[in-house]
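Next come two complexes built around chain A: one with chain B, the other with chain C.
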Partner chain A sequence: MTVLDLRNVSIDFPTSKGVVHAVTDVSLSVGKGRRVGFIGESGSGKTTTALSAMRMLASPGFVAGGEILLNSLEKPNLLDLSDDDMRQVRLSRISYIPQGAMNSLNPVMRIAHQIWDGIVAHEGALPQGDLQSRSDAALAGVGLDPEVVGDLYPHELSGGMKQRVCIAIGVCLNPDLIIADEPTSALDVITQRHVMQTLRDVQSEIGAGLILIGHDMGLMAQSVDEIAVLKKGQLVEFGPVRQIIERPEHPYTKELISSVPLVGGKSFLEPAGEETATGFRSENGEPLLELRQVSKHYGAVTALHPMNFTLDGEVPKIISIVGQSGSGKSTLGSLMLGFNAPSTGEVRFKGRDINRQSGAEALSFRKEVQAVFQDPYACFNPFYRVNHALKYPFERFGLSEGPDHTQTAMVEACRAVGLAPETVLGRYPHQLSGGQRQRLIVARALMLSPKLLIADEPVSMVDASLRATILKNIHDLKDRHGISILYITHDLATAFHVSDYVMVLYKGHIVEAGPPKDVIGDPEHAYTQLLIASIPWPDLDRDWGSSKDARQGLEALDRLDGHETIMRGNIPGFELVQG
Partner chain B sequence: MGRIPLSYLTNRVFTLFLTVFVAATLIWIIPRLSPIDPIDVMLGRMAAGGGTIENSEAILQQLRESFGLDQPLIVQYFLYIVNSFTLDFGLSTASFPTPVSSMIGYALPWTLGLMFISLIITFVIGNLLGALMVWEHTPRLWKVAIPAAMVFTSIPPILSGLLLMYVFSTQLRWLPLSGPYGLNVEPGWTFAFINSVLYHGFLPAMSIVVVTFGFWALGMRGLMITVQGEDYTTLAKAKGLKPRYILYRYMIRNAILPQITAFALKIGLLVAGQVLVERIFAYPGMGKLLYDAILTQDYPVIQGVSFVIILMTAIAVFLVDLIYPLIDPRIRHGG
Partner chain C sequence: MTDENATKPETAEADVKGLTRAQIRRMKRFDNPWQNPKLIWGLSMLLGIIALGVVGRMLWDTDMVFTGSGIPRQGPVGVENLRGQVGTWAHPLGTDVTGKDILALLIVGAPNSLYVGMLASLIGMSIGIFLGFSAGFIRGRLDDVIRVGSDVMITIPPLLILVVFQAAYGDISLTVMAILIACFVWQSPTRLIRAQVLSMRESGYVQMARLSGASTWHIMFREMLPNLVPYLFGSFIANVTTSIVTAVGLEVLGLGPQRVPTLGRVIYDAINSGALIQNLWWWWGIPTLLLAVMFIGLLLVNLGLDEVSNPRLRRL
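Moving on to the complex of A and B:
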């Protein structure tokens, strides 16, 4: 029996430049208790298709054709319902778990109240005691302590807890269908596994259908029964998960599967070319970057425990720093960039403490150490054309020999990161895709011919299919331009492929360090092992563990005290010293 | 939330006093940079009234003493600060020898009444209209009418006052033309008097409301657009909540927060009154007092009024600091 049928659904967005066909002729069904994954890159229409079943399309979008049938209704066609009848359908029959777990809850209302108002909107005013027991049951169902969490405000919860509250809200009225829109995209792998398995458990318990929207083929493989692949608003492939993963027919599906970087899998990097550029030549025997007893406290909280390492930079290296959110990896990044002063110790660049430099030294440090950040949307000033971001530092650092030279340099930098200069230069940031913007940020850094690049989660906000390309660009910087790179990430698979050395950070300690094939390929520390086990693989025969495993894994972590670093071997040019 | 830590409270009270002290000092210094001697001005006024004056030197000396101007500057300053904090602003030079504090004491209730009521009306109407400009369920007619009503915001209050006077007093004869209350009632806590005050206050309040609601409406509109795009608003809709409930509990409730800070700042400023509005409606408030004092170079009154304005602003900000955690749980009183 099917819960939801989409029949030849088309969705149009009339704009001043004509009608945009966001979704064209999509037909599929979601069975009772079945999980269906909608996969595709951003703009493929996967969220739009799902939201049409909620009748919550963003203005001015509308369903231009077809039928959306919710079979539990007397008159199943949702498009025929009045606005108030549709409002009644939301949450009680079809519930929605939003993408941005961070901001999905009303910041000025207690958690329990946000469950109650949903119940009251559908069942009328209930006695306080009934509401209390309903919200307690809902919170307990997703593994949260109702006594504590119900009285808290959203800002007092972690991201994973907020997302589980959203799941609790979504299932509190036992809907026929749950639509989960990338419910774990903002979470790290360990939390992701926990949240995803909670969702799977409550969904099978109430027997609802589930539509899971996402772009990660690995997560899909581990979570759903059927997969619908969407591209440019069209359903290009739909079938059981095993068939899609193991015998994909459409080239786009194949591309999606192959773009997932795997630990130990085939490398997405091309073999290193002949042109290995020379790195940094030290003039006084001092290494490029050195951390001496560097630590950072925020009040009583220690974000980073004392750390010592030396990167000589002579042969360029990529050093990965991996860990989940809150592990201190971004703190480490900002210390190395000199944005934050360490609480103890020194960050030394070419033998000078970067927090005690003269003006001229600071300027040259800024030129030689470049950064790529996580959010390619927030990195550009929206009022300037992108040329400004490329041109301004280049001219200010005195590298330009005139307008023509600047132009040539910009064109070359764009080509170096695989962008066609004529399609990106002279445009405004909002006219470019996230992937294009992130590559421009890499191009901008490249124009200044730095010696060191600090890349903080450079690909976590771009589509999976583009991640490989951008990482390839960054990897090329090492080989072709002799730049040493510190790659900060939570993604072990990419760290496995691009880096020469990996440091695993947990609660401000380095718990395991060494060449990636040892640390990630064959982890020894319990934390590293949990990280690896939490990665969803696009391989159905590989077990992702149960929700019990996920919870136990998290609890086991709390008991760990990782003061000793497990050293897994050294590489020339980089030396980590036990803190 | 919970109880306010004592350290936070003492910190805020200290800041409150410091602000008022610094401002009071500036108020004292600035007139003393002016080359005009208020005693000369008084004398000139007397001379204009009564021809020649005998013993003018002695009178001048006497006056200087009564204003404390014969003391060294540092003593004058010290006395001024002590007196200011006990709300003693000395004697008016223009209406000598009326104490400034009694003049302010008379004018302040009128202004507070008029301005506070019009501020609250403006705040409610402005924010509601601003919210309705954004809300998706607002009737279409309203969506057209509200921006059109913003035209009033660009009219200076004096013109809107005159316009309202013309329509409601002169033509329709619904409301009185000017004055704080009717000539036929005795001031006091009687029904007739309060009724008369409300009746007379309606027009000046209206003229302030029509020109200032746009400030709140436009601010609220911007805030509402942000809130409308927030994920919690989307989730509220997905929860099947009633549109009106979403508007009040999710959208306005969050969008209003910065407006409340602005409200506190306005409370301080409203003591200064809408000078011109009070003027054209012959309303005996602080605005009119200040206006007259400037015209007659009545420094003690100017200083006194300025001090009261600063005191009100500082107290309003202090109160908002204290109540903010009650309205926004993300804000906490730091130690």
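Moving on to the complex of A and C:
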């Protein structure tokens, strides 16, 4: 018995460049109580396909062919319904759980009232008591305390709680089908596990079909029964999850699976064959970077507790700083770049406090400390061609010996990061993909040959299949060009492969530090353990645990206040001192 | 070394099969945002008014703006006035109650009105850019002063102050009037630019520029300003409209320049001399029509620029 059948569905978007066939001839079925994952990269048509079942395609898109059958209706073809009938179908038969829960809730309404809204729209006015008991049940179903949460406004909830409220709204009318569009992409792994398990629990309780849209093969493996792989609007593979993960047939599916880095798995970095580049020794024997009692407060909030470490650049190293959002890792990054001044202590580069430098010293500091930021879309000034971002600092730092030299340097840097210069140089940023832009930023860092590179979440906004390539580019900077790198990330698996030393940051404290095979391979601190346990593995035999585990883990975390760093051994050239 | 991603688009490719040639042409026009019909229409209306001033001076005797240039109260060509006199080609748009030629008044007056608006807006924008950047980029105490100052200025009705000032000062030149008006049109560009600068200074490319060792000056004027150009244009045009409305308002009250013909001044004279009761509609009607053309032109330019800078507003 299937809930939803898509038959030869095609979706077109007329644009200025011609008609884009966003989805071509997709046929699949969602069974009752089954979970189907739509996986693909951005632009692959996965959201568009799912939204066509809601008849909520973004203008000017339209369903150009095929049938969408919702079998619980008398006349099942959704495309034949009038707008009013379709309105009745939404939420009561098919519900949608959006990506950004923070923007999906009405900021001026209490949570309970937002649940009532949907009920009243479909069932007419009901007595207050009925509404209250319905919303209480819905909230209790997703593990929120209705007494407390029902009376709150959205801004009083955390991201994970907001997403669970969205799930509560989505299931309050017992729909036949739930469409969840990357419901956890804005959440950290620990919360992600909790929210996904909540969703799975309520879905199996009401017996609805579930379409889960995502790009993370690991999350899919842990959450769904069947996977549909989409690429450029075509369904390239569809089948039970075990078959797809263990015996993928289409090369694209294989690529998607292999692009998920595993802790302890095979490294995606090819071993550097040649002799590795030597690092740098400062003239006065001072270490490259030194943090002395550095802390940062924003008003009453302490983002970073006092921290001491020393990095000498003699042998280039990659130091990972791992933590969830709010752990203070990005604050640390901006302190080391000198964008913010620390509240106490000093950040010293080659023995000089970077916040007390003369103009000339500041310029040479800028030349030697570069960064790669998270968002490749924002890093280029939309007004200029991409060359500007590479050319300007090169000339500004006096590295250029003339326009021809600049041009050659740009071309070489592009080649070194695996970009064909003629396809990227001279273009405007919006003409390039996110992956290309991020590699250009790495190329920029390469051109300037700094001594230290701060990479703040360099791959978190790039499609999965490109992450490994970009990390390899960054790793090459260390191996071939002797640049020391501070890699700031929330992703333990990549940190495991890339780095020489890992520091785990939690609420502004370093809770565990040491070589990655100890810290990530065999964690000792409760927080690190929870982080590792929460990673969704693309491995069906490795269980993610139940929602009870997840809740217990979160509660254990609340009780925790680790001021002691668990030291797991040292590496030469880097020294962390207990704060 | 090859780049397998270089030519591969992320979404399915577009196809142009099955489209008529007219549709493809529309699409091409969509691609070049400057070929915007609203923008083109608006600009041609404004250019038309400037052309009226330039070509008119060459082809028509502008000395006829003086009293007694023709028979008073004459209608436009072919129109009979209350005395039964039919308008002639000597005064194609008729004359006023003192025998001034309406066409000559328009040739001189319309560009004057536009000039006051443009100049006032230009000065106001320059002040706004300077203050907005200072407030948004430097922050701190300066920001507080500029923000509070512009907020207070927004609450003061400009016409009230200008009426008092001009009544006390008497006759003024067009330029002085423009400068006076400029004192009241810098607040909204200041606020707009400050808000944009505040959001832009945290953006990735500004951070990148700081990493590149760029000076504050470079960041403000080479990295940020070019991205503000669409906003600046829009704000400029809106300010021209406000300035012209203010100027015409003053002139219609009889407070503008006394010796220079402007559209507002013509309307003031018409009202004062009982043009409405004598049914001399050409006297007040034609200048009003010209003002309407000016405002519609400015509005269309503003809408057009909006669509140029914000592709989402464009429709196929």
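Note that the second predicted complex is superposed on the first by the 578 of 579 C-alpha atoms of A that agree within 3 Å, B and C clash if a C-alpha of one lies under 4 Å from a C-alpha of the other, contacts with A are read in each partner's own complex, and residues count from 1 in each chain.
The rule is short, and it goes like this: contacts are C-beta pairs under 8 Å (C-beta built on N, C-alpha and C of every residue); 3 or more make two chains touch, one makes a residue touch a chain.
As the structure is a computational prediction, the values presented were derived from the model and not from experiment.
Engineer: Following the superposition defined at the top, how do chain B and chain C come out on chain A, clash or fit?
Structural biologist: When both complexes are placed onto chain A, chain B and chain C end up clashing with one another.
Engineer: Can A:81 be said to touch chain B (first), chain C (second), both, or neither?
Structural biologist: A:81 sits against neither chain B nor chain C.
Engineer: Where does A:122 make contact in the superposed view: on chain B (first), on chain C (second), on both, or on neither?
Structural biologist: So A:122 only meets chain B here.
Engineer: Thinking of the overlay built on chain A, is A:56 touched by chain B (first), by chain C (second), by both, or by neither?
Structural biologist: After superposition on chain A, A:56 lies in contact with chain B alone.
Engineer: Which partner, chain B or chain C, touches the larger number of chain A residues?
Structural biologist: Answer, by number of touched residues of chain A: C.
Engineer: Of the partners chain B and chain C, which touch A:554 in the superposed model: first, second, both, neither?
Structural biologist: Touch partners of A:554: none, neither chain B nor chain C.
Engineer: For A:96, select first, second, both or neither according to whether it touches chain B, chain C, the two together, or no partner.
Structural biologist: first
Engineer: With both complexes overlaid on chain A, does A:140 touch chain B (first), chain C (second), both or neither?
Structural biologist: neither
Engineer: Have a look at where A:169 lands relative to chain B and chain C in the superposition and call it first, second, both or neither.
Structural biologist: first
Engineer: Have a look at 91-99, 163-171 or 199-207 and say which bit of chain C overlaps chain B after the superposition.
Structural biologist: 163-171
Engineer: Could you give the residue numbers on chain A that contact chain B in one complex and chain C in the other?
Structural biologist: On chain A, no residue contacts both chain B in one structure and chain C in the other.
Engineer: Given the complex with chain B, which residues does chain A contribute to the contact?
Structural biologist: My answer: residues 54, 56, 59, 87-92, 95-96, 98-100, 102-109, 117-118, 121-122, 153, 155, 166, 169.
Engineer: Would you tell me which residues of chain C are touching chain A in their complex?
Structural biologist: 1-3, 5-7, 9-16, 18-19, 27, 30-31, 203-205, 207-214, 223, 226-227, 316
Engineer: What residues on chain A touch chain C, complex-wise?
Structural biologist: Residues in contact with chain C: 14-22, 24, 41-45, 60, 232-234, 337, 339, 362-363, 366-367, 370-371, 373, 375, 377-384, 389, 392-393, 396-397, 415, 418-420, 423-424, 433, 435-436, 441, 466.
Engineer: Touching residues of chain B toward chain A in the complex: what are they?
Structural biologist: 136, 230-232, 234-243, 245, 249-250, 253-254, 327-330
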